[in-house]
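The structures come next, written out as structure tokens.
What follows is a pair of complexes built around chain A, which joins chain B in one and chain C in the other.
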Partner chain A sequence: MSESAVQELQTPQVSGTARPAGALDARLAQLDLPQGGFSARARADALSRLRAAGLPGPRDEYWRYTDPRPFTAASPQALPVDGGPESPLFAARDKLTLVFVDGLFDAAASDDLSLEGVEITTLAQADQAGSHWAADLYGALELAGQSPVSRPFATLNTAAARDGLLIRVTGKPAKPVHVLHRRGSEGADAVWHHVIRVESGAELTLLESGVVGARSNGVIEADLAQGAKLHHITAKRANDPKVGLSHLFARVGAEAVLKSFALVVNGTTMRHEAIVDMVGDDAVAHVAAAVLGDGNVGPFHHDDTVFITHGALRGESRQVFKKVLKNGAVGVFQGKILVKNGAQKTDGYQISQALLLDEASQFLAKPELEIYADDVKCSHGSTTGAIDEDALFYLRSRGVPHERAIVFLVLSFLADALEEVEDETLRDEINERLDAWLTDRPRG
Partner chain B sequence: MTDITDLEVREGVDRETVETVQNMGSYKYGWNTEIEMDYAPKGVNEDIVRLISKKNDEPEWMTEWRLEAYRRWVTMTEPKWAMLNYPEIDYQDQYYYARPASMTEKPKSLDEVDPKLLATYEKLGIPLREQMILAGVEGAEDAPAEGRRVAVDAVFDSVSLGTTFKDELAKAGVIFCSISEAIREHPELVKRYLGSVVPQSDNYFATLNSAVFSDGSFVYIPPGVKCPMELSTYFRINAENTGQFERTLIIADKGSHVSYLEGCTAPKRDTNQLHAAVVELVILEDAEIKYSTVQNWFPGDEDGKGGIYNFVTKRADCRGDRAKVMWTQVETGSAITWKYPSCILRGNESQGEFYSIAIANNHQQADTGTKMIHLGKNTRSRIVSKGISAGHAQNTYRGLVTMHPRATNSRNYTQCDSLLIGDKCGAHTVPYIEVKNTSSRVEHEATTSKVDDDQLFYCRSRGMDEEEAVALVVNGFCREVLQALPMEFAMEAQALVAISLEGSVG
Partner chain C sequence: MLKINNLHVKLEEEDKQILKGLTLEVPAGEVHAIMGPNGSGKSTLSYVLSGRDGYEVTEGSATLEGASLLDMEPEERAAAGLFLAFQYPVEIPGVGNMTFLRTAVNAQRKARGEAELTAGEFLKVVRAKAADLQISPDMLKRPVNVGFSGGEKKRNEILQMAMLEPRMCIMDETDSGLDVDAMRLVSDGVNALRSPDRSFLVITHYQRLLSHIQPDVVHIMANGRIIKSGGPDLALEVEENGYGDLLAEAG
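Entry: the complex of A and B
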């Protein structure tokens, strides 16, 4: 066999990353790349990194369970503009609502940006100037999160995001900041990038809801100083056939607490990545999701990919992921706890569970541990199965109708994930919404 | 080894544990047998493949089969996904065939074998003489006579020296011989099954093996036969710069049963040596194979110099309904271990089990685990993996459990625990779980911890020194796997666990 023939055969085997030529260029051509002001350098750097790394192909190990093509396609499939009612989930509470239409800030629809203890500007506005406090963070945590696995869509976001929020928390604001998404056009490629800096001892609750663009790519970079607290809860519109990617890059300082919870219901083709770097001693990070997927509502593929790095003493991390799947829905979980050498007394825990309600659904999981310190307590569990027949029989024998009994069991299955929502009132509200969705009462 | 009779053995402490802790020497099997060898020229190419085939008197179809594998191998690249770090292997800087010069004319019986070779196995504690003996345990010559008999196939570098108890096995219809003999004597069986579980194109190392394998063991158990004794192969790498590529094929026909043991050692050398084996198990209806390995290749010295690179493909195919396979492995040797004994559960109600202890000390690196591929209905699998890391070692469990849509009502239970001794080592878990039907249940649990201070304190307060206490705790940690081993191996394994961890405490 000639040398050149050998070369040809080798190429697809090496990394499986052979991509259609120009896919990245086509993707970039559809985006209106901002030049940036204070973020110009970070954007230029991201663009060159992206050109070097390229977009993932279907044979990339990191994309083993999720086909990246919906995200690499030049443009998204159009979706009807959704003028439906806002989710009632956060309706009752006092909050500062900031509206984003297809990833761009809508000042007219939003509350006034002033809130005691918080300093908020928008990325587009801040980028009109050459300097900003967020300059040290914009793209920096994303860059740090590129090793050991590259996350090119986050890099794309850093280069292409036209808007977002730059939030600096210095106190304990009286109410949460609520990002409300709206879909303004049918074929929108919504790209937004938030930077959050929670100063020492400060606290913030960030809520996210609404209808995102037909295809979305959201990045949050969160930097938590000593003793800071960030509580992030997201619940986007249920039954919405969107295609989306989101990344949370967090750096958690000493004694700081990060809690992130996502509620996902039906319709979506979505990958959410949380990359958490615990750099200070006694840091706490909890990442959780409750996911309901019914393939009959629309194709459902939900991927949670979590990478938690313990780099300091006595860190506590929790990953709690619960997925209920039926009618051909696919749930994915890729989670990793990395304990660096010297990160002694780490307490890391990871649980990923799926409840498959019929034969057509799938759960694919890769829960990993990578540990280089000896005095640690790390464990993970992953289970997949059907409704427990004994429990069902018990409920039926107590007079609970079959359908209702299933709802009870599904809710109890999800309970551990909901526990990660600190606010009890909100937790109860989420539980009620889930109950409503499961019993097929009017959707919202 | 010191005489242990005059040693005071405290109640509750295994004699073996104390004995091995006492004998904190270095790698026991690191000596070399001075013997004249015939080598094929260094490197691998089509001529070498033909030469190996010719040396084994193989028929034309076998030579072609090897060449086909070789031609594919040159188009492949070495897999790099494992968490292993080793310098680039120069595949042309190895001998692919080495055989003791005295074996040029195949000896007709063990009486004709070079006494130096026989002495080698005696020194290793491997019974080549047909005698009532407890295999694997040193000093077992004095063991009570009711010990189980074990038939042994001894492979020295590239060739099989001989197989014991052949006649008695033949009476039961069992074929147990070297694979080179099987290719000549039982071509119909070999043709039918060789490469049917691990195809030539399976992976880089298996493909290389398919091209250059020199010898190995072949077992056929006819329908309904329970093999009258345990079968065992003992692999010894002796020659320098020589790769060992053995190939094992075991076929358990309908309703048969066999227990197979495998052991391996190599001399201490400064250079790394390559070992790439392939093991194929075919299990038909209602048959059962129990395959146990104690892998104790030379692990390299304390500074990570030398040691065997162990790249092994082992796979069992449960083709018939209710077929059963059980892999048990104790991996204590090798500088690099890349090994994933797998089970394809094709038959309905078939079962696969995997029990593993992987110990990595000093600069050893192990990336090992299993694959359970559930294809048939009501299939069951169980994985129990215990990884122990000490010194500067890295130990990774990598496994796959997949439930095919048609594999309804199947079950898997996985438990992988890691134990870290010292703060310079690493323990990693990389499981893949794919569930594609709802009536199956998959459970996976993993923990990572260190030797519990309370347990150590308790042992110390009972008068044990630290080494003894750690050995006891570690033996407890491995208990579930040790219990799954055949008795002789369990004892050897228990001793090995202590030996491998020497110097890792304090």
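Entry: the complex of A and C
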């Protein structure tokens, strides 16, 4: 692969300039802010933080590669409700499916909430009462994740989310929890907020799929106790021109394992942030994404922004981001590994790579390392390249048609990211789906 | 089978003439070897015949059973029966060897209007042929050439050749990087494929391979053309005396 390394070693500047309140007020006016309940205090705090900081503007350093205006506009552009033809991913798998329509839980369409080893309530339901176990976490991990870089849309989410799941995992449930999103109205501005607490030694697989709102803002706060394990896989509807933001705030305890993987295909203007705080010794956190963007399907701009903090001994973190871009698609990666003083024997790895299928596409990368411990192993790399002509010729010389050969090479490029999906059946299913998307086979 | 007439080829990027009027014919069922000093254009010939980008044919022709190769895409040449065993087989992470091979076999069958092999049919054939080449089931499952040793890569090339059943096989320094045992395995694989309607063009630096794969004709290539052709003895002569005399003779 012809590669040119892109490296910039800059610390993003936190912008402290408050913005005119007009845009924020207009944005808030469109949202139905919840009142009362166990989360009331966290919401009130979030609202005041948001008013103090304001929403970001296009000149913010942290928004250098992604224009925040689609997210600050008072309301989203309407989209068709069905999101286009496609069978849901994870269809063949036994799972507990919980349906969210425009960010609100739909009990009638969902499976029963009971699953051995897991306690599930919805945020809206829990907020009927003044206390809940999630009170210690709701907005707390989000708040902790505001430093050193502010993430105002997550704060907005804490203030405005009307629903979500509060999941407490105490055992090893027999099947994954699956959040299936549906779009109920064309102009839906969906905001949801999940809180997940995985208790010591417990394990959960969380799947996300479906059609989110025309504009969406989702937050997951995940707290992993000692030896806990959370496997998170998200694959929203492909070819759906949504605008979206998502944040994963995770606190990873000793010997706990977090694995988060996203599959993104076409049509989206989206920023996903993963903010992972590795607080316990021997913690493991892997964050990965496989992204396909074809600008001809619709404007494509996908931003992965990752901030992993090693605050304890022998932590292992991996960031694996692969983006395949064509026809003017834009991919962004801002990834950081921060190793705090004392976090010895940290093993941090970060790779971000783009495969540009034409000259109209762009990949913007800002990989960063900031290390205050002296006995660590950290590496990062970022490459942008085209299809490997040698490999292409090799395949074609065996009779593989040009288009098919390209598909093979794209799948080959994405393979490292897919490796981060631990479940082999699931990985094969995703690979099969990617293959179908790439070859444009009809999917049933 | 393969007819090359007065072939002139230059590099697209640097306006450098590599082949300067090469003429060669390999009849059906024969094995021809090409030897020649470094830089004589042997690998270029194999790439131009199989359709790699970066070369410009300025004059001459190359036909496979009467069909002009030079107008075809690489995959069309493959479907027409041409196969190139690479000097450096390419690693393709994330794509299973078996998946790749089945895709290639069926794409060629489809292009020729033949029925595609089912997964079961394919598996049966590939397992048998892999066993002959001492290619383990594990190697079949692994990504194409990834983590393969030099010898394994070359055996994998011969497996592809055996599965694709080409009419015209070009082998570009298949012996490079092989130990004695691997060379025997590869040669046995090639010899097993010899048949009256299949031809081979074996490019090599060393006579040793040719003692395993007996050629009908040996060609000496220098400065972009064939300067001398002869029987298997010609290879022995080169091994003993080098190219000096032959080059001087050709002027």
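Please note the rule applied: the second predicted complex is superposed on the first by the 414 of 444 C-alpha atoms of A that agree within 3 Å, B and C clash if a C-alpha of one lies under 4 Å from a C-alpha of the other, contacts with A are read in each partner's own complex, and residues count from 1 in each chain.
Heads up, the rule we're going with is that a contact is a pair of C-beta atoms (placed from the backbone, for glycine too) under 8 Å apart; a residue touches a chain by one contact, two chains touch by 3 or more.
As the structure is a computational prediction, the values presented were derived from the model and not from experiment.
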Is the arrangement of chain B and chain C around the shared chain A a clash or a fit after superposition?
fit
So, does A:402 touch the first partner chain B, the second partner chain C, both, or neither?
second
Going by the touch definition up top, name the partner, chain B or chain C, that contacts more of chain A.
B
In the superposed arrangement, which partner chain does A:130 touch: chain B (first), chain C (second), both, or neither?
neither
Is A:380 contacted by the first partner chain B, the second partner chain C, both or neither?
first
Between chain B (first) and chain C (second), which does A:394 come into contact with in this model arrangement: first, second, both, or neither?
second
For A:22, select first, second, both or neither according to whether it touches chain B, chain C, the two together, or no partner.
neither
Shortest C-alpha to C-alpha distance from chain B to chain C once the two structures are superposed, in angstrom?
13
Interface residues of chain A shared by chain B and chain C, listed none
In the complex, chain C residues that touch chain A
50-53, 73-75, 77-79, 83-84, 86, 89-90, 92-95, 100-101, 103-105, 107-108, 111, 143, 160, 164
Would you pull the chain A residues touching chain C in the complex into a rising list?
388-391, 393-402, 404-405, 408-409, 411-416, 418
Can you list the chain A residues touching chain B in their complex?
1, 6, 9-10, 13-14, 61, 341-342, 344, 354, 356-359, 361-386
Along chain B, where are the residues that touch chain A in the complex?
71, 74-77, 81, 83, 403, 405, 408, 418, 420-450
